[in-house]
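Quick notes on the structure that follows.
First chain written, first letter: the chains are A, B, C and D, and each begins at residue 1.
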Amino acid sequence: MNPLQIAVVGLGRMGKRHVHTLLYRVPRAKVVAVCSTDPQEIKWAQENEEYREFGIAVYSNYDEMLAHRGLQAVWISTSTDVHASQSLAAIAKGVHVLCEKPLSTDLVEAQSVVDAAKQNPSVKVMAGFSRRFDASYRDAGHKIYDQNAIGSPFMVRSNTCDLRDETGFFVRYATRNGGIFVDCAIHDIDLSLWYLGSPVPKACWAAGTLQHHPELKELSDVDNAVGIVEFWGGKIAYFYCSRTQAHGHDVCTEITGTHGKVMVNVIPKQNNVVLADKLGIRHEVQPEYWQRFEDAFALEANEFMEAILKDKDVPVKLETGIKVMKIGQALQHALLSGEVVRFNESGERLN
Amino acid sequence: MNPLQIAVVGLGRMGKRHVHTLLYRVPRAKVVAVCSTDPQEIKWAQENEEYREFGIAVYSNYDEMLAHRGLQAVWISTSTDVHASQSLAAIAKGVHVLCEKPLSTDLVEAQSVVDAAKQNPSVKVMAGFSRRFDASYRDAGHKIYDQNAIGSPFMVRSNTCDLRDETGFFVRYATRNGGIFVDCAIHDIDLSLWYLGSPVPKACWAAGTLQHHPELKELSDVDNAVGIVEFWGGKIAYFYCSRTQAHGHDVCTEITGTHGKVMVNVIPKQNNVVLADKLGIRHEVQPEYWQRFEDAFALEANEFMEAILKDKDVPVKLETGIKVMKIGQALQHALLSGEVVRFNESGERLN
Amino acid sequence: MNPLQIAVVGLGRMGKRHVHTLLYRVPRAKVVAVCSTDPQEIKWAQENEEYREFGIAVYSNYDEMLAHRGLQAVWISTSTDVHASQSLAAIAKGVHVLCEKPLSTDLVEAQSVVDAAKQNPSVKVMAGFSRRFDASYRDAGHKIYDQNAIGSPFMVRSNTCDLRDETGFFVRYATRNGGIFVDCAIHDIDLSLWYLGSPVPKACWAAGTLQHHPELKELSDVDNAVGIVEFWGGKIAYFYCSRTQAHGHDVCTEITGTHGKVMVNVIPKQNNVVLADKLGIRHEVQPEYWQRFEDAFALEANEFMEAILKDKDVPVKLETGIKVMKIGQALQHALLSGEVVRFNESGERLN
Amino acid sequence: MNPLQIAVVGLGRMGKRHVHTLLYRVPRAKVVAVCSTDPQEIKWAQENEEYREFGIAVYSNYDEMLAHRGLQAVWISTSTDVHASQSLAAIAKGVHVLCEKPLSTDLVEAQSVVDAAKQNPSVKVMAGFSRRFDASYRDAGHKIYDQNAIGSPFMVRSNTCDLRDETGFFVRYATRNGGIFVDCAIHDIDLSLWYLGSPVPKACWAAGTLQHHPELKELSDVDNAVGIVEFWGGKIAYFYCSRTQAHGHDVCTEITGTHGKVMVNVIPKQNNVVLADKLGIRHEVQPEYWQRFEDAFALEANEFMEAILKDKDVPVKLETGIKVMKIGQALQHALLSGEVVRFNESGERLN
């Protein structure tokens, strides 16, 4: 067996976890390199005993890393502004790409990656819509599509609510993320398209508020927001995004159909432990997306490997990201302008 | 002890239940009369053994009933279109009024009842916002206001989702109810005002769909709708109303604050029984508002009696209904027009 | 309508609540008298405004109370040692009796009440197995017997776990209650007989511990105990009784059958409110049996009234208490002796 | 990096899963061989594409497999009757051993493995008490021991209830498993020792029933059983074991202390999905131990590797198994004899 030689680009919170996933959960991949432009991250990686044990080279230059002998794939987990250029450079070299969502907050740039991928069909390019690989979301899809458990689905409620970050990390990162509906709701929008059968947006509106991070006002953003997307054909999705939850990472989705409702993670739980004491009965909640979706990342990576090794289509189409991004940006526009954003029946935005 | 002599007007589903509540749960009230204009309901009441046992007179004419010797109070549970006129007639006679919400779908008419009540301060007039008397909603209020359990509340999600009615009853009744946001969301709007500290609406938008009752299209209504209300001061409420749930009467409310979230009835349950079998682990859900709010109706009636007997203010101000109705009508307008409805900082509607 | 004239005997925690239930929930009963031998209770009752309002006479002598003009029924909620004598006195006067369980901790004495009741068939005598009137336990029975939801039931787990009482009330009361399995598990034993189809005991064993109340050692009792009852025919029940729970009144029952399991109140809840904050997600638990079974007491009283007014059998047979008590005493003996207590196939105890 | 070369012995349900765990979750191990004496299993392994891909040799003879060049460790998942002999053979060759519990149903034989391990301290020998590696059980331990969340623990309830097996597999296997309390409750006994602080047993009793598998009668076993273990020092554990649950693999543990209770998996769930439909609200349950404990097996294997590679103590002491087994056999004896089994204060069995 020759495992696929892969590099992880970006060694922030997420990049480190992707290295871990590849080492511990993806036997057909071999991490040969990591890359970061951050001196602290580079130093951390160079001194990392486990990286040495597994023979992982550390690069400070992306192009040099791409030239690593035998490199076959990259997992891009840098900041969003370089996702597209790094993807394009890898595609140009024939290196397979698994890129964190979104490809870009600029739709033209994102489309350029989609186009490049189309022109290089032997290169596998996938955007990391990790929730598509979560066992519970898959079971929800199975119940809806294979078991007809809820009749015809017509309404999705989906939340992405993060634990309040008191370290300042989130606010620093906020300058480049495209706004709360682009950064936070993108998975929820993706899920609503999945479960509602890829409907075309008709109109959307949103409202937001600043409760903990007034400094976001300068960035034209909010820390809590709700939005509604009406689709052509009588389907509706609505979202709540929050940066400021007290209890943990609370990400839930409900899909209502003509004959039932599927709920995913409506009461989030850290594990199977419940404590009864003077305060009543309680359980803890995962602090971050990682505890909730660690298994999903492993499955995502394994399925990406399989697509490469068996030359199959990647499990999530690259175009999906574009459609999702269009809706996210419309919601963000509605949030900031106070206006309804409307689309024609082809999904083209009218304002 | 001289119990207060009370009559129940209207003997539909709700009126019958109010008689039951008064007989079984309100020892300081004595039901002396009921009234209906529906021949079937009149016949049913005349033949009702329990009504005879408790000496309840049956009237087919509201004015005659008002003239019942010794009558001190009425509980009005007729259809909405006669709420106001019946309330006014009772007030004019010095008879205390507990009137089902809303006072009217016409704001001018509703205001006339409020005005009449003001001019007759010795007559107690209350609109039946029954959820205000539910132990769980009160506990939520207690946690928010007395225990400061969630910091400053800024976001309310509230649902009123009815079990699908396959008898046609709901659709027949739909012609007179003012639309889904007026009929269905009125309690949710009321709760959002309660928990958010009586904020002033700024803008709202809504979207709806017809999934089971296409005949509602003629009535300019839908059977499922979501709406967002943005308030001045950075507070937000959003609602989901449905006539077509498969699993039961699903009414939940979440209040998010700066330091926590209070959830009421997010997973509805019929009772404490859970069944584990080949299908997994399951519990049943209340089929109707009655099973969910039976205790609240009893407390409402008892507190209304106490306000009369001890000459105290009624526990829910009559004006509340007007404010709630304005928002309900704005959401309904947004739903039908597709436009954002805006308010000025005094809460006056701008379009 | 002539409501039934009833008196409540004993004005401890439970007696007061029974008066409340009768006033507020039982329209066919009229509380005409209460009785206590405790000077503080008598004073409290004499000064009670509500008792005056409803015209309730206060007696300090049980026989005088029995002679109250027009008295038709008594609800006995005194301490266990006088249950039997008070019941017998009432029966002798032709007064109907609802007596708190158990009739006596002495089986011969308890049997004397059963015998007296048999000899006076026009007098209704019922022991207060209140859980038989709880909506959830009834639904469990309905699922098992009417819906065949779990096949053939063969195993019952049932707990009665009280919130730790730091007032000393419980320990003072402990001298007369017959021990933890008689006082605490009696309802659980009753439920196991109900759900297992009245099986005959074969053997039982128990173990206990003293964790908070070492003073119980002198009374030959413990504050936490578990016991197993094996029945003839392959059925089994097991129980956990506790006086020292930190989180509230935790009373649950599971019935396992050949094709499923019914669970009642496995996760106890105070109401529908859930709080999410830094500690995670939590809810409160009822502090006492009253909050859990208030509705059951109301139904019990109403059904007892109905048995009297319509001359029907009382809903729980008086003999049930004897059978339950025999098992409770056997478990208590096993607990104290460390020996297995065995029964023959007729249910007669062999040691 | 030189991964540790390991073989898996036994290719039944569990052995196959251990191979999977090692391939996908344990990067420091390399599966070099598997071994089975079952012709079907051997054929299956020889034809397995993944085994070929990863270069796994297939043996039909254990001794030949032990001679595999470079072999450093074995994971023994054969039937219990050969656990001890295979462990001893491996130890004799200096090969590290991870052996499924129990080492043997014969205590003398089990002790011989413990002794051999002691005499060969450079060889790591561990029994597979997989629940010790489960995140929820560890969190329970953390709450009890590190956070003092429940005060002093004194009572454990623990269940191992398997989904009813309609394939006949379980009954075939039952001849060699030592009885329901040895096979099924062994983990529960282990957990009770862990959470109660290694108490010494004082007495135990048990009762069982045959509901689905009358053929077990010949094997002196039952398909459902409950047992109580009283420990010296006022601590108690009680267990329910079942082979015949309708709803899934239901394994739960509750630890009650002087100031609270920790519950693990009291309401088992397959995943985060809940379905609401005409039957109410429901979720599915894991069908087998595998879905519940897959992560625990991965952690167990990784920690075993770490013990070897860093020459640390294995995380679960081998002696633990002996102590657990003694209690399991005592419960089984009580079950079959109907007698209480007693121990002296040193834990020596008295009957």
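Side notes on the structure shown:
The definition used in the following text is that a contact is a pair of C-beta atoms (placed from the backbone, for glycine too) under 8 Å apart; a residue touches a chain by one contact, two chains touch by 3 or more.
What you see is a predicted model; the values in this text were computed from it and never measured.
For the interfaces C-D and B-D, the C-beta contact count is higher for C-D. Relative to the C-alpha centre of subunit A, the farthest chain centre belongs to C. Annotation: 38 Å between the Cα-based centres of subunit A and subunit D. Annotation: 42 Å between the Cα-based centres of subunit C and subunit D. Computed from the mean C-alpha positions, the centre of subunit B lies at a distance of 56 Å from the centre of subunit D. Counting partner chains per residue, subunit C has residues 150, 245-247, 259-261, 266-268, 270, 274, 276-278 touching two or more of them.
Interface of subunit A with subunit C (complex): residues 245-248, 250, 267-270, 274, 276-285.
Taken together, the subunit B residues at the contact with subunit C in this complex read 1, 23-25, 27, 53-55, 135-136, 139-140, 143, 149-150, 259-266, 268, 270-278.
Those residues of subunit B whose C-beta lies close enough to touch subunit A in the complex are 150-152, 154-155, 157, 203, 205-212, 224, 226-228, 230, 234-236, 238, 240, 242, 244-247, 256, 258-261, 266-267, 338-340.
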